[in-house]
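Submitted below is the structure of interest, expressed as structure tokens.
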Amino acid sequence: MTTEHRLGQVANYVDERTGAAAWMKKNLQKVFPDHWSFLLGEVALYSFIILLLSGTYLTFWFDPSAREVIYEGSYEPLEGVQMSAAYASTLHISFEVRGGLLMRQIHHWAALIFMAAIVAHLMRVFFTGAFRKPREANWIIGIGLLTLGIVEGFLGYSLPDDLLSGTGIRIAEAIIQAIPVVGSYLSYFAFGGAFPGEAFIPRIYIVHVLLLPGAFLALITVHLMMVWYQKHTQYPGPGRTEKNVVGYPLMPVYMAKAGGFFFIVFGITAFLAAVASINPIWLYGPYTPGQISAGSQPDWYMGWLDGLVRMSPPIETYFFGYTVSWNILIPGLIVPGILFTGMALYPFIESWITGDKREHHLLDRPRNAPNRTALGAMSITFMIVALINGGNDLIATHFDLSINQIMWGTRVGIFVLPPLAFVITKRLCLSLQRADRELVLHGRETGRLLRLPSGEFVEVHEPISPEKAYLLTSHEQAPALELATEDARGVKRAGAIRNKIRSRMSVAHAEAVPKVSTEDLKEIESH
Amino acid sequence: MSNEIEAIKDPGLPAHVHRKADHDPVAARRAERQVAAMFMISGLGTVLLIASFFIPDDVFVFVPVMGNQNAHQLGLGLGMAISLFFIGMGAIHWAKTLMPDQEVIAHRHEFRSPDSDRKEFVDTVKEGAAATGLGRRSLIKRTLGAAIGLSAVSPLLLFRDLGPLPGNDLKETSWKSGTYLVTDPGDRRIRASDLEVGAVAQVLPESDDPEHRKLNDIAKDAVLLIRLRPDEFNLDAERLSWTHEGIIAFSKICSHMGCAVALYEQTTKHLLCPCHQSTFDVTRAAKVIFGPAARPLPQLNITVDAEGYLVARDPFYEPIGPSFWGRISS
Amino acid sequence: MKRLSRYRRHKAAGPALLIFALLAIGTTFSVASANTTAQTTTADRSALIEEGRQIFLKGCSSCHGLNSEGGVIAPSLVGVGAASVDFQVGTGRMPMADMSTQAMRKEPLYTPEETAALAAYVASLAPGPEIPTEAQLNYERDGSTAEGGELFRNNCAMCHNFAGQGGALTQGKYAPTLMGVEPKHIYEAMITGPQAMPVFSDKTITPKEKMDIIKWIKHAESEPNLGGASLGRVGPVTEGLLAWTFGLGILIGVAVWLAMKAR
């Protein structure tokens, strides 16, 4: 029996029970556009799978218990030291389980790459406007995945109960405790009593291995199904319209490339785990509240939170015997809350500003949406300034600076640099638009000089290809909204202020260098 | 939306450019061999992984840049990395060079359902809703609402025993009048003469069972003992009376977010918390001089007993550690 | 006498006399020096102190004052003890290279003998912490790595970092790395509290505990990094940097290659 015959039998078996042939046929032919920037989400997805696999491995040895034990393993510098069973089991995985340290490192590197890929993917989706209708819900799910990822990572590296991560939990507890009215109650409920208690490690274990992975699986499934069903967006270009998708079919090309990429991601993660030590908890020592190490930081995706908390002015208010710690609430809860809510709602904010209610399947080149791109640059600058402050003590020791100077620099910088980044980025985008316009009208500069009979030197310009010319002019330039603030009789309308703000923002958003028009081309021809 | 005709028309998909392997069988075979080579390297990686599993874990190899590396760990990791990476490279190279790379066009359908479907949907829902009779039967509606609302209460109640109520727990520590100060670790009582000017000591309250101190207690009881020259203090009379011959004691738990504030700078007499860089001036009863902490570290009132050992005179006069809503109210 | 003078012109008389004279001088000398060891050592010691004083006057008095009384830019050395000098000069911190925030470890300017002389001189000014003895530095035999780790994390890690890599203090000061520091200097730093470092006297951290700490530091120094290259042993900051640059960076590189058309 040939392979084909065998396969035919299997296919028949399945189809007679599920009717799979119909939808399989359609889906195996599904077209996916090919661009490297579309692979960032895949890096995140594959990192998630690696996390599931390596994490499951670790659960076979990890003991999520805060019970005090005396260490009797093979690592001499901790012999006879009192520690939690969680810490001791992590030492066991690192030193006595063959492959254990490798898996721990794969798990932790995969987590760092997972978060980095999510952020890079978010930036790609944002700067190309892929979050517009019909993909707003997918964007919100993505922000949800980002938030859950930060929490999951924090809980994950806190499980071994070492000095560094234990300090992080202490800080998290202080944030909970600082919540007005209910803070101390929430803290005692979360920790089963006073800090650190014995309940926290086992509880976060269940959140980390069951509840959050379950949430991830559900959200990622919906996220991918929406991409599947709504079809992936594509970059503008010749042959690409709002009504088609140009790319390669799932079988065989996309399967081979995407499947191969999974092995690449896994391979690079394993390579990092082989050559770069990460989270060497045996050097940190077990957690005890009386100890601390210089240069204590959370993992990078929480570094911006640490930086914001560090730069906060020392503000607390007291009234009637009650304390409100603004120095914790503002950087720890309020600002992140505003940021992430703003991020999640951005598709709706932008469509409110532009008044655009149409579907978009062609991506924007970032330069063609200068306001949005500048806003993105502003947010990234904010995050980077905060992140720098989170590592200010390490920067100080490494570059011979003073933590006090760095702190003041970032306190000022966090207000000054983001708007500066906005202005610079917007101007850069408009300049690029101008450059595109020049390219279409006058062609590419070749660097060759020609002397005209009149004696004048000119540079020879080569016209660009029609494909490139189309790419540079196919984008949309919607005019700004014009909203009336007064009705026909000159009386101020209800919602006038809202309309005025909206109009202003719309005008700013629509600022652009005008595209090459038919008149422009005619003019050129007549030269 | 611009109504004018687009200046430059869509020239359509560019002409397909063939790859070498598409028309040159030699190039195709070469590509095939390259893919095969990658898969074979992957196999070698697996062999390395398996072999490394059996290397004893006390063998070290010198690797440039990285230094002495554990051979077992490095072999396992590199073996795994190579075996995975080259499967991927092989598959991608195969797809790029040998699989069809003609771009395919699929068409997007409009998402919006046809009006007839929409109408049918609305009708189905309306009929179904009417069939429940909820519109007419308000008694059912109200009692249903009440039942669901009530049932949401029980899960909340079931979580009540997640933890005890804080009560006064956040405001109390183990420090009482007459508690001896002991070294941490070591649990030795401390005499004033044990500390030189410029010295610092990590301190805990004396315990009946020092081998089994609870972390919960350490989290509130940890104290820092610092000795200055008595003339270096800048304190009011009361706080000065809480010191003994230049020795001053503070809670080690940061008033900001609870990290251990243990960095003492002898020259400046400042305490630095490494978490968020709050800086406290020891000469002025740990007043905050930089950073996000809003309150000084609580000072412990200490004296000596008849034999010269340092003891606490009183418990802490205010709750130690990070702030909370009811911190000051009794 | 007549009997001796009969051999005056014997051919062996010269060599015999020479040998006798050598033996006599040598024996007298060793007997004399053995008897007066104390006096000679004191003499040596005074010589050492005087040598130290000369070196001090030439190389240290411009900042520390002609009588080590200190001045505007340098503290008094009266009472700092031999240990302080051995540490500061032995690690090259003194003489200070530039008047920056704090003295840095560098190549020592003075030889061990000169350092010993300086130490003797300063110790002679007033009693102070002494250079640790062999017994106090026998950490290999008498120290415990595990206990040293506990002590280190309680007393040292908050400034010097969990692996002794160093850390930041305020206003540009720093706690230096403890890697590659002689055990003697570690001990001396603990008992003298150089610059911003507090003093850890032998009552708060006993000599045995100090040996434990030194043993742990030496172990940390020699411990190979188990999971790969160490990234500095400073924690998540360098790990995050590597994840973005080497991790995601390489993956993006592969992605670009993946989506590129093959030739």
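Per-chain numbering from 1; labels A, B and C assigned in written order.
As a convention for this text, contacts are C-beta pairs under 8 Å (C-beta built on N, C-alpha and C of every residue); 3 or more make two chains touch, one makes a residue touch a chain.
This structure is a prediction, so every number in the text was calculated from the model and none was measured.
Asker: Need the central chain here, defined by C-alpha centroid distance to the all-chain C-alpha centroid.
Answerer: Centre-most chain by C-alpha means: B.
Asker: What's the chain with its C-alpha centre farthest out from subunit A?
Answerer: C
Asker: Considering A-C alongside B-C, which chain pair is linked by more C-beta pairs in contact?
Answerer: Between the chain pairs B-C and A-C, A-C carries more contacts.
Asker: Determine the centre-to-centre distance between subunit A and subunit B, using the mean Cα coordinates as centres, and give it in whole Å.
Answerer: The computed centroid separation for subunit A versus subunit B comes out at 18 Å.
Asker: Using Cα averages as centroids, what's the distance between subunit B and subunit C in whole Å?
Answerer: 39
Asker: Report the inter-centroid distance (CA atoms only) between subunit A and subunit C in whole Å.
Answerer: 50
Asker: Would you pick out the residues of subunit B that each touch at least 2 other chains?
Answerer: 66, 73-74, 77, 92, 96, 101, 184, 202, 260, 262-263, 274, 277, 290
Asker: Would you pick out the residues of subunit C that each touch at least 2 other chains?
Answerer: Counting only residues that touch two or more other chains, subunit C contributes 147, 150, 154, 158-159, 167, 170-171, 175, 225-230, 258, 260.
Asker: Going by the contact rule already set, what residues in subunit A reach two or more other chains?
Answerer: Counting only residues that touch two or more other chains, subunit A contributes 101-102, 105, 257, 260-261, 264-265, 268, 273-275, 290-296, 392-393, 403-404.
Asker: In the complex formed with subunit A, which residues of subunit B make contact?
Answerer: 1-2, 4-14, 53, 57, 66, 72-74, 76-78, 80-92, 94-96, 99-101, 103-108, 111, 159, 162-166, 169-170, 184, 202, 204, 212, 215-216, 218-220, 222, 252-253, 256-260, 262-263, 273-278, 288, 290-295, 321-330
Asker: Please output the residues of subunit B touching subunit C within their complex, sorted ascending.
Answerer: It is residues 17, 19-21, 60, 65-70, 73-74, 77, 92, 96-97, 101, 183-186, 190-191, 193-202, 226, 260, 262-268, 270, 272, 274, 277, 279, 290 of subunit B that touch subunit C.
Asker: Within the complex, which stretch of subunit C touches subunit A?
Answerer: Residues 101, 145-150, 153-154, 157-163, 165-168, 170-172, 174-175, 216, 219-220, 223, 225-231, 233-237, 239-244, 246-248, 250-252, 254-256, 258-260.
Asker: Residues of subunit A touching subunit B in their complex?
Answerer: Residues of subunit A touching subunit B: 29-31, 68, 98-99, 101-102, 105, 134, 167, 170-171, 173-175, 177-185, 187-197, 199, 230-231, 238-239, 241-249, 252-253, 256-257, 259-268, 270-271, 273-275, 287-296, 306, 309-316, 318, 320-325, 327-328, 331, 359, 361, 392-393, 403-404, 407, 440, 466-467, 469-470, 473-474, 476-479, 515-518, 520-521.
Asker: Quick one: which bits of subunit A touch subunit C in the complex? Just the residue numbers, please.
Answerer: 34-40, 43, 76-81, 94-95, 101-102, 104-105, 108-109, 112-113, 116-117, 120, 163-164, 257, 260-261, 264-265, 268-269, 272-280, 283-285, 290-301, 303, 391-394, 396-397, 400-405
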